[in-house]
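Below is one structure, written out as structure tokens, with a few remarks after it.
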Amino acid sequence: MSFNSFGHLFRVTTWGESHGPALGATVDGCPPGVKIDEAMLQHWLDKRKPGQSKYTTQRREADEVKILSGVFEGETTGTPIQLMIENTDQRSKDYGDIAEKFRPGHADITYWQKYGIRDYRGGGRSSARETAARVAAGGVARAALASLIPDLKITGYMVQMGEHKTAKRDLDQIEQNPFWVPDAAAAETWATYLDGLRKSGSSVGAMIEVVASGAPAGLGAPVYAKLDTDLAAAMMSINAVKGVEIGAGMEAAMLTGEANADEISMGENGPEFSSNHAGGILGGISTGQDLVVRFAVKPTSSILTPRKTITKSGEATEIITKGRHDPCVGIRAVPVGEAMMACVLLDHVLLHRGQIGENRGEIG
Amino acid sequence: MSFNSFGHLFRVTTWGESHGPALGATVDGCPPGVKIDEAMLQHWLDKRKPGQSKYTTQRREADEVKILSGVFEGETTGTPIQLMIENTDQRSKDYGDIAEKFRPGHADITYWQKYGIRDYRGGGRSSARETAARVAAGGVARAALASLIPDLKITGYMVQMGEHKTAKRDLDQIEQNPFWVPDAAAAETWATYLDGLRKSGSSVGAMIEVVASGAPAGLGAPVYAKLDTDLAAAMMSINAVKGVEIGAGMEAAMLTGEANADEISMGENGPEFSSNHAGGILGGISTGQDLVVRFAVKPTSSILTPRKTITKSGEATEIITKGRHDPCVGIRAVPVGEAMMACVLLDHVLLHRGQIGENRGEIG
Amino acid sequence: MSFNSFGHLFRVTTWGESHGPALGATVDGCPPGVKIDEAMLQHWLDKRKPGQSKYTTQRREADEVKILSGVFEGETTGTPIQLMIENTDQRSKDYGDIAEKFRPGHADITYWQKYGIRDYRGGGRSSARETAARVAAGGVARAALASLIPDLKITGYMVQMGEHKTAKRDLDQIEQNPFWVPDAAAAETWATYLDGLRKSGSSVGAMIEVVASGAPAGLGAPVYAKLDTDLAAAMMSINAVKGVEIGAGMEAAMLTGEANADEISMGENGPEFSSNHAGGILGGISTGQDLVVRFAVKPTSSILTPRKTITKSGEATEIITKGRHDPCVGIRAVPVGEAMMACVLLDHVLLHRGQIGENRGEIG
Amino acid sequence: MSFNSFGHLFRVTTWGESHGPALGATVDGCPPGVKIDEAMLQHWLDKRKPGQSKYTTQRREADEVKILSGVFEGETTGTPIQLMIENTDQRSKDYGDIAEKFRPGHADITYWQKYGIRDYRGGGRSSARETAARVAAGGVARAALASLIPDLKITGYMVQMGEHKTAKRDLDQIEQNPFWVPDAAAAETWATYLDGLRKSGSSVGAMIEVVASGAPAGLGAPVYAKLDTDLAAAMMSINAVKGVEIGAGMEAAMLTGEANADEISMGENGPEFSSNHAGGILGGISTGQDLVVRFAVKPTSSILTPRKTITKSGEATEIITKGRHDPCVGIRAVPVGEAMMACVLLDHVLLHRGQIGENRGEIG
């Protein structure tokens, strides 16, 4: 029940701060014999890496991951995999102002109150840099899933930036724009919009959707190993996330029973559903449909407009956060959400195999 | 990492099915010396009990809780508390039709596929009756919290039923209507609306808000012991919940950094905030503000309109669910949400005391 | 990380006190489709039941186990199994003297100091009655193991009572005497010896050996999921146990490397070993040999000889424990040790299947 | 329920192999504000370090520990502490022979069967090098304990090497000889004895005792958070340990109730006991007496006498292990046992504070 761990059988513990020498993830419970190397993990880290476009923080981190254990001659050994990412660009001088002042919307004040320790150089453990470790661990999970469920595909993308929503799901577009938005037209509008925000030193929230297609029916379990319970926890544990929804999500509150229930028919490869309000989960267990999760990321509070705050000694003051920050942190949350989906799914595949072996109930 | 357990130090394991002899909760880790008796727990169970008004299922369960262990002469002993609720009204004849057919929107199909066992009498473990056990456990948590944080107050209420939202938060009204809606006018509109749905055999979703006021700053921890992580998991683990949000929630996606960041000033009793978009949590740790969680409950799929489905042998058919069900299951989710809030908070109070003792950082 | 739970995937939480209305076990994670009924569990409980011979406590408990959940039409459903045993003979008058005095060698004084609660009627949670719940849970584990590893056989027996050791392992004798000693001659000697102790109101310690034959190679994992780590914890968690050893055990301290290392050869069905100093475990993982665990049970401190002690108010006094107690509690620890072995093995079979699927390395 | 983690609130996950680039420990749940630096941890590592005398392996590892996270300006922050030790002397050529042959008494065969991966350079994850990570984590635990229980003193020493036992407990002698034996005369005898073994390429087992004095009453909890349960698991999880005992230990099997029960009297600072057969633990909870644990370490199987074994292809062969090994690995297990005691105690101090706050029952 480690504070910094998640997962049941596939268990990830992240460690490290934004301005320490390194951060990383201790990954335990990975099946043996999974082909893995640093380049594979780097691929996912590069998606999250800062400084990729003018729309993300200009902090220049190589974010190079090293595998320190658990892999031998290119295959996982079944023992703990240590993934380490060294911090290289720790320009702490940029952060000087925050040593004494609490940044509104940041964890400065709560960490100080609880722990009585203040890393004046930045967010420390509460920094979004922690998510690099998750992306690395997610890379391991993806590799293991690739052999266990070859048809599984995990795709994350933005569906909203501020007031701008996209209804389109043109997945081919995702890699074509710096926002991972599945909509070419939206990508252009958003670019203009975010440019404006960036220049004015403002920021904005976002909504990300992560879909896993090809997952089998039967993953999950009652109550606290519900697939949706674990997905909710996984996504909510990401920095700046304020809401998580599955399938119809918060909209389910508006629906009638007739509209909400996904009707069932028999397809060639098993049950099919007329719609997917359930987001692929019924009673905490996967139906075989797409698993659909969305989460909202708040705008970073690091903005150029002065905000009222107090100092450690309780005096009123104002703060402008001049550091290198993201006008829309939601962009970089996309690969993080994918990584969490991968970790949760691998964990449930192993749990399912552990308790059940193979699905026991046949249909047809 | 029990499938059916939640909590770290204050740990609840629920058990039991809708049509078995009994269900209950094994509550471990409660502090000793907490005054508790069956009547105290019954108070909360009666809020959730079916058949309280014409708007909830007419299944008549006494829902009488018995304490089988862990309490001696009216005080908790610090050892496991076993709470048992016997099922009394198990009219299984009503459910005959579902033995062979899968109810759309229910867990029938996923439980069958995974476990290969079908309790033809009803939802079995996936039934919302499981939440009675959580409410009983929540009663224990409330009693423990009453001595640890005397100022803490947990209040749940409905803020939306179908298209009908209430913006009002007139807490005095909550107990005055069968919907726990904090708005007298809404209560009337909703009564008419739900009456119509009930008579037509339809159902509708709902949104519930649970607020904890008086919680101290400092509860929570990074990553997977984040207060919001645990609240998200706790609420998402409730039957029929499809989305969870904290503070500004999904709306955070729309906000700019200027609008979202709650400014800080120094009050007489410590830091104060100009607003509460954070929902009382920054970096996973409580700020001392109100903790605000909302969750959406889907409409029950047990409706009189025929829905297409399949049988266990894979044949196409239709189903009408005639059983005794709730036109708006969200109503009875209110005390369940409160119970989960109580369990999560007690757990974090104990975790905080365990790791930290008392908050270490002073302000002012 | 519940205080009263053990196991990883197959997870048992016991609850209840010696003088409350009932005690039991919440068993989570059992595979579905395991045939189980109350009679099967009762078989094992009857082995442990008090009052079976003049050598065990005369407390007359029916120890009838009821299955309250998790079993439907004779098969496990994969959801939590609640096992309840009602206390029937709670003659609390016998225990009057211990309300104010701490019994030496009992947990009275530590429970009082820690929890500040004193169940003056008996041992409460620290009573060996708790082990009835483990035996019931062990019955579930045995049933699941019977289908997963048909060749597995778990056999417990006494190898020492006081100064009397048996070197013989004549397993056919185990059920032929009230001591579960695999040695007909020892059974006679021990009967005389224990009769004397019983009449003089004394008590004596014992050593129990539990062997599992037929377990496959590959169960276990490094460090804290080592099979021997879990067996040590499982056995040490039984009341009155003061030591646990695997294979050569404490004697390993005396051996040279030449004597200790079990040489390996190739048999028809895989590797064979010239001896079993390892107790069937190397590096925390099973070798396929017999798994051999021994544990020492201290003599009960409930004796007729007056012992010096103090009262709750700190005054010096003496105590004689007149209650109904066992001259050799080790006898009834035999089925408890077997139950713990079954629970640990099932847990590791599921863990192994979860992480690995099937053993990956072939020999020959 | 990570395979490679131990502890509840103070939770340590070790990682790394004998011949990889590094190994270490991720330490989560440490209280904040504990003064710690690399030199403090190095002190303990140096005790365990190979090559300290001619009686331990000649592998020359600097065993330099680096703190990568969780410590800021010399104090723990309350977030995960990453401790890394780089492997420097990995002379893998020495190990060539074991690529194809299974060393009897080593985990080669079980790791191969389970994981299907064979690190032909050495023990990999099953190597005793893993214990370096525990010693580093134990150093953190000691530092935290120093502020929480200033009077606590943890002392480990050897009490047996092969047939040679010491009855003496002259603690001043421990640091005066390379065996950590509390007996000057024994140290001399043992030196001669071990010299002989070393020269003949043989090895021998050992028994280690670890005592914690100054621990308060009240630590522990029922069943699976018993202090003795956790100590048994902690010690048994150390490489090569085959038995663990508390207080009278296995000898308890021989005792009568009169001999075993430690009588209680009232001392100036609370209850006192006439003896300590209990090893400081009753009902799983500490009494305030010395906590006394012993464990047996088997002789290393790396010896010069040829032993029969098989190859991966199942052919009969012989093996001589020429590598750099310890004639008595028990020597280096002393600081490891101390470290495990420290980790378990800190964990229980935090658990106790979490659930209880302070002891609730007064005496006198």
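Think of it as A, B, C and D in the order they're written, each chain with its own count starting at 1.
Operating definition for what follows: a residue touches a chain if its C-beta (ideal position, glycine included) is under 8 Å from a C-beta of that chain, and two chains touch if they have at least 3 such contacts.
Bear in mind that the values here come from a model prediction, so they are computed numbers and not experimental data.
Between chain B and chain C, two chains of identical sequence, the interface residue sets overlap for the most part, with shared numbers making up over half of the total.
Distance from the chain A centre to the chain C centre is 45 Å, each centre being the mean of its Cα atoms. With centres defined as mean CA coordinates, chain C is found 38 Å away from chain B. Spacing of chain A relative to chain B, judged by their CA centroids, is 26 angstrom. Multi-chain contact residues of chain B, defined as those touching 2 or more other chains: 1-5, 8-9, 14, 29, 32-33, 78-79, 114-117, 125, 221-222, 351, 355-356, 360. Taken chain by chain, the contacts link every pair, so each chain touches all the others.
Within the complex, the chain D residues that touch chain A are 1-5, 8-9, 11, 13-17, 20-24, 26, 28-29, 32-33, 66, 68-70, 72, 75-82, 84, 114-117, 119, 124-125.
Chain D contributes residues 1-6, 8-9, 14, 102, 104-107, 109-118, 123, 125-126, 130, 160-163, 197, 202-207, 217-218, 220-226, 228-233, 235-237, 239, 241-266, 271, 274, 277-279, 281-287, 296-303, 305, 307-310, 312-316, 330, 351-352, 355-356, 359-364 to its touches with chain C in the complex. Across the complex, chain C meets chain A through its residues 1, 9, 29-33, 78-79, 221-222, 350-351, 353-357, 360.
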